[in-house]
């Protein structure tokens, strides 16, 4: 991407706002997290009628305060970004924009106030902090495992879809369209509620036949959870095993012959019998 | 199986309808998927009274359109199949037939219209697409793991059966046949709902004794899930580990002696000390 | 144990009733399973008022038929057992006795009829068949894994106990003893229902505070399931890995020197360079 | 820490109260456990109105008995502890104090009686016994695994937070603030109840849209459980594998050359061909 030349001031701001190395940068990130969480909490509380009736005006003021802060931040980000277009188009850039836009739109066009809910996307900005806590590595590790097993998981979901459809229809027929199984979509909704072991109990089979089918569905759903778990776990275990292996085994050179010993437990060179140096301490 | 000689035209159709290599074949598969899903959705929506009252006739027309399409497809499959009998007898052949038959039967014998639900088996035809998305390998991988641990899983289900029976009876006795525990089958239904952690709440113990027993049942059911998960995961992990191993370790020939080095970390031949070629990049 | 001399006839019966090698023995086991399941089903159906009102007499007759059959079987087992005392004292011996006793007792002392429920222990006799299906090996494999991790699981349950107690008390305080949280035992019952993700919904926090605490409890319970699963899975994976390893690697003797090659991927003896015989085919 | 010189008597008491080696020490621990559990059970039963009305006075007497016992124990612990300050400040020291304080406080300031609930922290003293049962090793093993994957688990919880927030808001919008989705916090509560598969059913989506979103949420929550499970399991498996490995492979010295053989399956020394001693018996 075309990288515009930054002025020293822009560079300075850039390091603080986008960077995490400098103390200032970290302080900024922490402050940002606090403001984001605060604004999200306010939005939530504002949705509680009793509270909004009492503190409505306060909430409004705070909301505007946060909006102004975010607006400032956004414009500074745009200003000091080495590549403005790239930032504006990036996922974060869009989220940053969505964090401020709704408030203004709602101000201009009052009837769009329902859109204010969009502001909650601000919570996605939290992800920035993961970078700070250097938790990204963990997140990536998980993401990688999930990605590697994506196709398996897709197959699993296809399986679930068909499973729930079939069970939903079976009970739909068994219950004869009564007791909340008025139609197939709802029956499938029930099947999903059941097979995922959520079990609201808002729709429940009443006939013996329906109960029998439901029981089978539950047992299946109860066991089927093993599949995604197995998939992800296998991925994580194997990759971790590999990492562990690389860590544990370190090759030691025999001081006498050219042989390379990689077996931690060997005490002597396996070709010339010379005593080997002690292996490094084992992680664990 | 006796393989009849196909005419060039039949061969052509065969490649499109049964095959996935040609672009035409893939296009056909995708089109088929769309039609199948559309028809399934229509059947579902048709079961919603409000919708069927409004769009009933439209749904009927669409249903006939789909039926005719599937009939055409089925007859072409029969016509161009290298071994007709084999195809007609195959699972897919039967599913393809069940996809069209009910509509005709319901037309001739109106009182069989409840059978129309059978049309939903069309969804099973989706599995054809897995082949297209070459997801079959993943599916088979899972299937293999499940199959290898089939006997273990059977034991697990037998265990569950006995567990639910015992807990069902215990609470049946504790509740004295009241509070929805009128009889043993229903108590067992409750036990299944509970031990699988579905917990509808439609039948719930009311007595302290019943609650105590239920609590034990829940804890057991909560922990027991570990068993099928463990079984499947172990299978997947081990098989994956094996695959990984085969990938990672590649033997390198020593340029000097006939020794074969399989240890990725070795830098020198372990017999003559000649420097070994760098190992290939490790998958991750 | 003192082994009494069996007469040829006793030996013959013994092989049929206790053994599984002979065809007769297997036929007997299968027949036994059918009778056991049938009797259990009858007991269950008999507990359904509507059915017992209609077919009560039939059920009674069948029950007596089964009882007589089991009595016969039991006396024959006693008669032909090489060590009668040992059999009578064995778990199976007691279960076999409990399978017949209640019916007689209920006949003599009618007011003990509630004890008839004990007859359901007959279901435990099913375990005999596992032996037949040679599923015992799988069962033992699971049992071994569970046993090896018994102490870990005990710790887990102790953890759960304390967890549920604390959450129960917290919500008890938060709800101020209302909304079904009348007392601590019931609050703990709720905590168990919640943390095991059963979630009946019969007792539910009503206050914001209670809901907040409950939410934490759910997330904890949702994640905690990972612990028993992890324990059992680790056991199963490791033991299976070990078994797999033993299977895969087979040592091959170098035809030239005394060296033993265990590495499947080696093509030449690592000491003298003589070509090695191809390794046996790899399982999986 | 500055270790004060103990008198022989103090040493004696110390071994009994703090130690587990001596028979007396173990007897004391067991007795302590019984008293703790008894006192906890009494507190729970006392919270049941019906029981407290009937046995209130008895409960009170027992409570005082326990309190005095614990007071005695605490003072002795203080008295014979080699480093009093250290003990008093330790977690156990504080728990021991909290076990007795509330009763006295409630006696002096009656209106603080609600604080009596704090006495239930006595249950935490149970952990002392784990030491006795030498279950601490297992507990530590689990704790270590959890600790090693702490950051991953943190990421997982952050993920859950954002997931529940988004689903909560989606359904809040879909249901238009009706059917129990009055405000966002409650909607998030519902999302947690749903995604953790607890599924009380106290708040349930009524609109088709809401149900559709909920279904997706359930499937996600159902699959997401795989993540924490995978994390913990991977940790446990790998660490166990490592331990197993250390156990299984034991190096054997060749009686002829200085070579060390670590491969269990090798029959001859890989350098001089001398027959090797049989490897020790393999665990499992």
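Read from first to last, the chains carry the letters A, B, C and D; within each, the first residue is number 1.
Basically, contacts are C-beta pairs under 8 Å (C-beta built on N, C-alpha and C of every residue); 3 or more make two chains touch, one makes a residue touch a chain.
Chains and their UniProt names: A, B, C, D = Ion transporter.
Note that the structure is a prediction, hence the values are computed from the model and not measured.
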item: Rotational angle, Cα trace of chain C (Ion transporter) fitted to chain D (Ion transporter), multiple of 5°; value: 90
item: Chain A (Ion transporter)-chain D (Ion transporter) separation of Cα centroids, rounded to whole Å; value: 27
item: Where chain B (Ion transporter) and chain D (Ion transporter) are represented by their mean Cα positions, the distance between them in whole Å; value: 38
item: Junction residues of chain A (Ion transporter), two or more chains touched; value: 156, 185, 197-201, 225, 229, 231, 233, 235, 237, 241, 270-271
item: Arrangement of touching chains [line / ring / star / complete / other]; value: complete
item: Touching residues on chain D (Ion transporter), where the partner in the complex is chain B (Ion transporter); value: 197-201, 229, 233, 237
item: Residues of chain C (Ion transporter) defined as touching chain B (Ion transporter) within the complex; value: 40, 43-45, 47-49, 114, 117, 120, 123-124, 126, 130, 135, 138-139, 141-142, 145-146, 153, 156-157, 160, 185-186, 188-189, 192-193, 195-202, 225, 228-229, 231-233, 235-237, 240-241, 244, 248, 263, 265-268, 270-271, 273-274, 284
item: Residues on chain B (Ion transporter) engaged by chain C (Ion transporter) in the complex (per definition of touch); value: 151-152, 154-156, 158, 162, 165-166, 169, 172-173, 182-185, 188, 194, 197-201, 204, 208, 211, 214-215, 218-219, 221-223, 225-227, 229-231, 233-235, 237-239, 241-242, 249-251, 257-260, 262, 270-271
